[in-house]
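Letters A, B, C, D, E and F name the chains as they come in the text, with residue numbers starting at 1 for each one.
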């Protein structure tokens, strides 16, 4: 790992923490156990290169990501990470449910329903942690 | 058409106009020429029922829709309508490009590139109208 | 909730019951526990507005829905609801398997195989209820 | 080409003609000019093996295929072939529009709108031929 | 079943065994328990007609299939069968992880991450069998 | 642009040239005219970070990419770039057609047919250049 990558890496870790709190450290560790290179890339490209950009604030970025992951429909684990991240950067539960509802228009009701149930699992887990 | 549907319809037309300016009147007219029922539904459900809800402002709604349409990748005509709508409700070109860029992470570079070129077509058309 | 929505709502509930028997009451209740508005919309738009239309009978509508949900491939819970609904409106198990088989041509073998296994789960559950 | 394949091939050609009239002969010829093996396979597997099966009639098969191709959203040329095929096996224009409308529920409005416009192109071409 | 189909069938079984070792016999048996016709077709078309062709060796075919199944993202059970098949025809674990990594570029990080975790499950199961 | 990025950038440009010959310089320039940052990222992440990795040779990488882009089905412009790239790194036309044929199994015939026609456009353009 060259020094310049460490700089991207540090920036990536900082953004990852700003976005997800502790949640995605786990994901990164789980990836690193299989492929350290892919784990490094996961920190550096999405977070160090993209989320670190100005132009959108983190709340706006999470609106975009949550919408896209509902629409894609094949990435429920990542969707749940970003529901937690959305709450972490200041979206309310109501706003997240509203994004999911809107996706019924663009990606159909099955995608929206699966998003709704997955979001509820995240909310329930947060409630359990808070209790 | 029952009176209660006209109420949803009026609300839908108001939202449609708030979101798209004149752009989607054309789409509705084009749909109505094929299926008046589907045109009415297009006004009433996405706009009268969903966009009319509180919980997200129109700018946030367009961030979600633009992100989803890039990610889905199979709806470039609708994507272009919503790029124009995004500008209409106050997103900047830079913010729209930023949403598209972010989608490279979630939906891959081909989807993002197709979004980028389609957005540019909208920007160019707006410039031509402004000239 | 305005009176006109209750009318759509009542029509939606009637269609939902015609299509799914008791099956989707559960889904609606599960959705309502998270978002009452989305639950109402789920009754009113797909069932009150779309399934209630003339032009296709319920058996033809379920052929279309089952085919689409196999092809989309990311909505197995909804697919299973509609396999049960298909049986409820008069499709035979053989006809449902035939739709799934045909989807191997249009959406590929993995989508068809996942549909086949999910349909079998529904058939097995129906057998258990009948026993 | 072995004799047994010719049997599948003959059955495939018979079904292809029953489904599409002259329309897909063109498609097969266009494919054969690039890959004769793929053209033969296109006749033999989808038509000789699948459409030739009993269990669904051709009208039901076209309902399933039209629904799936709207939902998949990335196959408009094939969708248009099957809109023409649907008319050929006895679906009305109204029934085809109804299938497309229903797909707004399962695959979202953009997919349904693209299907609607593509179907209209087929209807217009049929009118021009009839004139 | 006609004699000519048995020939395709025998060729399909031979290829299936060359590709998957014992793994997909299970899949075929599981399919046959639901639909014997679909099971026969699963042997004959993908394996008897396609994998049996010259033009690509089995290692190249598995690179293509593994890449496509990561990208499609809605077929994890089939993806896992083909990770095992890839190992069986001589791809290394490192090569399989590399294909998955590359898919982050074309289908996005969520699809790649889901592929990574599913591949790891296959590797772990192979280790357990070898122990 | 920091020095370390130039290193990734230089590596990206080298790989891009190894993969695509002159073809994707055009794509990069077209992207840079809209978003210089996205153009730089397109060079650095897919080519500088991913294609530059050892573990698969460029021919194997193009097999994976061509397969994925056929399967995704919503990225024909990028698919055509990679058909040209595949030829550039040593795949034969027959091998490319074979990958596309195989995708009929995994992503369905419409996706494979669209890939076939798009590949033929690339072959025809190459013939015209060679003439």
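The definition used in the following text is that a contact is a pair of C-beta atoms (placed from the backbone, for glycine too) under 8 Å apart; a residue touches a chain by one contact, two chains touch by 3 or more.
All values derive from a computational prediction rather than experimental measurement.
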Legend entry - Shared interface numbering between subunit D and subunit C [over half = same, under half = different]: same
Inset, instruction - Among C-D, B-E or A-E, find the interface that matches C-E: by residue number, over half of the contact pairs should be common to both. - result: A-E
Inset, instruction - Let me have the rounded angstrom distance from the C-alpha centre of subunit D over to the C-alpha centre of subunit E, please. - result: 28
Legend entry - Interchain centroid distance [CA atoms averaged], subunit D/subunit F, Å: 30
Inset, instruction - Calculate how many whole Å lie between the centre of subunit A and the centre of subunit B, each centre taken as the average of the chain's C-alpha atoms. - result: 24
Inset, instruction - Enumerate the residues of subunit A that touch no fewer than two other chains. - result: 37, 41, 45-46, 53, 69, 72-75, 78, 97, 101, 104-111
Legend entry - Touching residues on subunit D, where the partner in the complex is subunit C: 45-46, 50-51, 53, 55-56, 60-61, 63-72, 75, 78, 94-95, 97-99, 101-107
Inset, instruction - Spell out the part of subunit A that touches subunit C in their complex, as residue ranges. - result: 72-74, 97, 100-101, 104, 108-114, 116-117, 119-120
Legend entry - subunit D-facing residues of subunit E, complex: 2-5, 7-8, 37, 41, 45, 49, 53
Legend entry - Contact footprint of subunit E on subunit B as seen in their complex: 104-111
Inset, instruction - Please name which positions on subunit B make contact with subunit D in the complex. - result: 27, 30-31, 34-35, 37-38, 41-42, 45-46, 69, 72-75, 77-79
